[in-house]
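See the structures that follow.
Look at the two complexes coming up: chain A is in both, with chain B in one and chain C in the other.
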Partner chain A sequence: MATPLPPVVTMSSKVCLLGDFAVGKTSLVRRFVYDLFDDKYISTIGVKVSRKTVAVPQADRVVELSLILWDLAGGEKFDPIQATYMRGAAGAVLVCDMTRAETLDHLNAYVADLQTVSPAAVFVLAANKSDLTPWELSKAQVEEFAERIGASCFFTSAKTGEEVETLFRELGRQLVEKMNGSAS
Partner chain B sequence: MKSRIADAILSRGTLAYATVGPDLRLTGIQGDPFLLFGSEGLAPSALVDAPLTQVAPELVGSEAQIQAVLTGQAPEYHLEMVNRQRPDGSIEYVSITLLPLRDETGRPQGLLYLVENVTQQGRLRQELMQRLNELQLLKRELDQRNLELRAANAELRLMNEIKASFVSVAAHELRTPLTSIYGYLELFLDGILGPVSEKQQEYLQRIYKSAGWMLAAVSNLLDMIRIDSDRVELVLQPASFHEVLEGAVERFEPQLLAQEQQLQMEVPGDLPQILCDVLRTEQVLGRLLSQASTASPPGGTIRLSAALSEDGSFLQVSVADSAEEPAANSGPPPEGRFSHHGQAASENADTASLGLYVVRSLVELHGGEFQHTFRPGQGNVFHVSFPVAVTEHSH
Partner chain C sequence: MNESEQRDPRVAPRDAAPEIEPTPPPLDSGPGAGEQAAEENPLTALREILLREERRRHQEEIRALQAEISRLEGQLADQDALVETIAPILGTAIQRQIRESKEEMIEALYPIIGQLVMRAVTQAMRDLARSIDERLRTTFDKESLLRRLKAWITGVPEAELAMREALPFQVQEIFLIHLPSGLLLWHAPQEAEDPARSELISGMLTAIQDFASHALGDEPSEERLGELQYQERLILLEFGARAYAAVVVEGVPPLDFRPALRQAVLEFEAENRSLLASYQGDPSALRGSAQKHFQTFIDHPASALAQTA
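Entry: the complex of A and B
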């Protein structure tokens, strides 16, 4: 007798991509959703919403999690409109650029902004452009920052695709775990 | 009438709306489905009864806000500058507003999902933001390059200081024994240490001349180091050009006599005072005269002239030799001052070059100008200028 397939449950979560301009937020989404990359920098204004489903296997079921990715414009100052966009986010991908040291430090402000409107949001950190040199940030600096805010960190490259899929899958896993936790 | 107004507004293509029931499913659609939900090629009828958050993913996570509008607790829910990407990659910008739909009694009955195309405004903002961000990235790169340059400069300055310090010590070490050699040679040549044969006299003269050049070279080197490390301080004061010139000529006369050369001077008697460091100006004039004497053949003529500039603010001094070749360094002195001349005929060229560099630097420190010209048959002419002192009388 064939083993019965585990039941499939569908869920959706809003995820914001946060970080300074030109750190590669749009490129990360484009790589993850469409498996494409373009070197040309085009700044985002407002919000670009994309969707991709990831399967998160659980002990007794499979969760098909639809990640609603909110690619937000990166800026240095707190923008009240950004707060509107962040509201209701279950998670966030914090993005810094390994070749611009200040982009890691600026993530503190994004974390604070998101926690104001979505206190329960989970974070993952994408240390992007890891394929470029020279790095202005060390691995240790990034890992220390991630540890401080309780986020997993990944050294990603939207250009080569390195660690991009892993990062979103890990975020999906954490979101499902969190939903399971709040449901039980 | 209401319907006609709505049709007229919708026909412009910048607005579209959908009605949503209390169960948050679409009940009707008016306008372009791409504008409404970013999906192309869908018949509006196919979307009826679809859950709102499924067709409009921008509303996922905003369930509480939607509920607040639906129950009348919030007047509206608004999202600005939502990007919609067409299959060709082009982006359009829309603003989304959710408004409550009420029945005749004013009770909320559902929602109005209203979308406005704001692409024109969005593109302008995007272009502006793009330029701004690119500028910031460029500025950052420039700042970084500047920092690198500053570091490289500091390193160069340090190396230059080490070099200058080494050259300075070496020059001082050379000068002391050279002065002594020079002094003893004078004693020999003056016959104080006993008679010397004619042949010996001739060779001693050659040694004496070379030692003189070496001393001048060492002195120029020391001056150059002082100039390059900004250690030359001028004591500027109004001074009579005639007196300064007299001092320079007095020191130059022995060289002139030894070479049996003539000095012709054209200096008006009624020149105003110049603003200068007297000792340094004497040094400038002395070096120019010495340079002219060295470049001219024995028995040749050196001409010195002085005149006021057209506007009367500078005294222009020219020193001309009767050389048949251009002076050792007719180009800008700094580039040429360390040039290596392999020919015996140029044995004094580096010394002259250093001397001219020192002259030019001193003149420029005074705020004046240095120029050098050469014309076959007319020799080299060195032009220097000094500022005229501003006195109460001249006001």
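Entry: the complex of A and C
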């Protein structure tokens, strides 16, 4: 007798993509998401929304989680509207550029801003452009930063796709775990 | 004169007057006269030398201009090529002309536009009259009885009420959206739904709302966008504290449509206060309540208004 398939439950979560200008936030997601809107909205209203679905297997069911990705425009100065865009976010993908050391330090400000509006947000760190050389950041530096903020860390490349799916699957797993924790 | 001499033009006829050599001017006939004759040929030669290059250049320019003129004549003769040349600048030229000579443009276009508009309005009025006729002819159905009662209570003639009801109005889509996160709570109609599209529209609507509040409002958390218009469609936005409804309509919404919609949002929030306060992304628990409060706006808009009246 065939094993019945576990029930599929559909859920969604808002996730923000945070990081400096030109670290590769938009490129990171472009190949892996369902896109409806033009990238021009990032430079016009400061955000573009796209969607990534991940399947998170659980003991008694499969959760089909829609990650509603808010790709926020990165800039040198803090823009107050960014705090508004971060409201209600369940998690964030923090993106730094391995070839620009300052992009890792600047993530501290983004973490602080998000925690102000969403204290329980879950973080994952994408150390992007890992296919390029030379690196200005070392693996140890990135991992130390990730540990300090309680984030999982992935050395990604938007160009090759390395570690991108893994990053989203891990983020999805953490979000579903958080939902289950809140529900129980 | 013999025959050969007669035929040879080089030989002057015997009876022709002998050629007289021009006598040189007398030495004392004036200061420039003698020099003028001596200089005439050298000046011409000098002029020729000096102007030769310029004349050559001018001739080349003339040849080039003639070629350009031939090309333009060819283009003018070819209608398709002429249209292709003029088309890019036509729009700009018309805009400028409208700006600078508004009255003349109106005079020129009025006969054409007037006829077009009249034709469209006539057709619309015909459709409206047909619709009103149908409504007035149904004497004993529930809607007509309700309309008569309303007319009697409000003092508005029944025909005017019938006309108002006959104006086209359709609710095409309803999005029920979690306010802080922009996550989609419920959407209708659900047949042929693309969940990804609905979720992204919800997110972007919320982002646009946030942007408008920041850009235009004094207190971003207090001011809200009321509606968005695109061609003949309107997106009406009604807000509660934790959720809002975005309704896509076509036509003219009745006066009591927005109050009815607002009421539905508030009742939905009241019924689901704790779920909305701690909303994590699972809309399944809210579906039944959303359907109860909002499905009727899609299926029977008139009933939805009557319920909240």
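We take it that the second predicted complex is superposed on the first by the 172 of 184 C-alpha atoms of A that agree within 3 Å, B and C clash if a C-alpha of one lies under 4 Å from a C-alpha of the other, contacts with A are read in each partner's own complex, and residues count from 1 in each chain.
By our rule, a contact is a pair of C-beta atoms (placed from the backbone, for glycine too) under 8 Å apart; a residue touches a chain by one contact, two chains touch by 3 or more.
None of these values were measured; they are calculated from a predicted model.
Taken together through their common chain A, the two structures put chain B and chain C in a clash. Of the two partner chains, both chain B and chain C are touched by A:I68.
Touch criterion met: A:A22 reaches chain B, while chain C stays clear of it. In the superposed model, A:R87 lies in contact with both chain B and chain C. Contacts of A:R100 after superposition on the shared chain: chain B is touched, whereas chain C is not.
Look at A:M179: by the touch rule set out above, it reaches chain C but stays clear of chain B.
Put chain B and chain C next to each other and count what each touches on chain A; the higher total goes to C. In the superposed pair of complexes, A:M11 makes contact with chain C only, with no contact to chain B. By the document's definition of touching, of the two partners only chain B reaches A:I42; chain C does not.
In the superposed pair of complexes, A:Y34 makes contact with chain C only, with no contact to chain B.
Residues 12-14, 41, 45-49, 51, 68, 81, 84-85, 87-90 of chain A lie at the contact with chain B in one complex and at the contact with chain C in the other. Per the touch definition, chain B reaches chain A in the complex via residues 53, 57-58, 60-65, 78-83, 85, 91, 93, 122, 125-126, 129-130, 133-134, 136-137, 140. Residues 178-184, 195-197, 199-201, 203-204, 207-208, 210-211, 213-214, 220, 278, 280-284 of chain C are the ones that touch chain A when the two sit in their complex. By the touch rule above, chain A contacts chain C in their complex via residues 9-14, 34, 36-37, 41, 45-51, 53, 65-66, 68, 70, 80-81, 84-85, 87-90, 175, 178-179, 182-183. Within the complex, the chain A residues that touch chain B are 12-14, 21-22, 41-49, 51, 68, 73, 81, 84-85, 87-90, 100.
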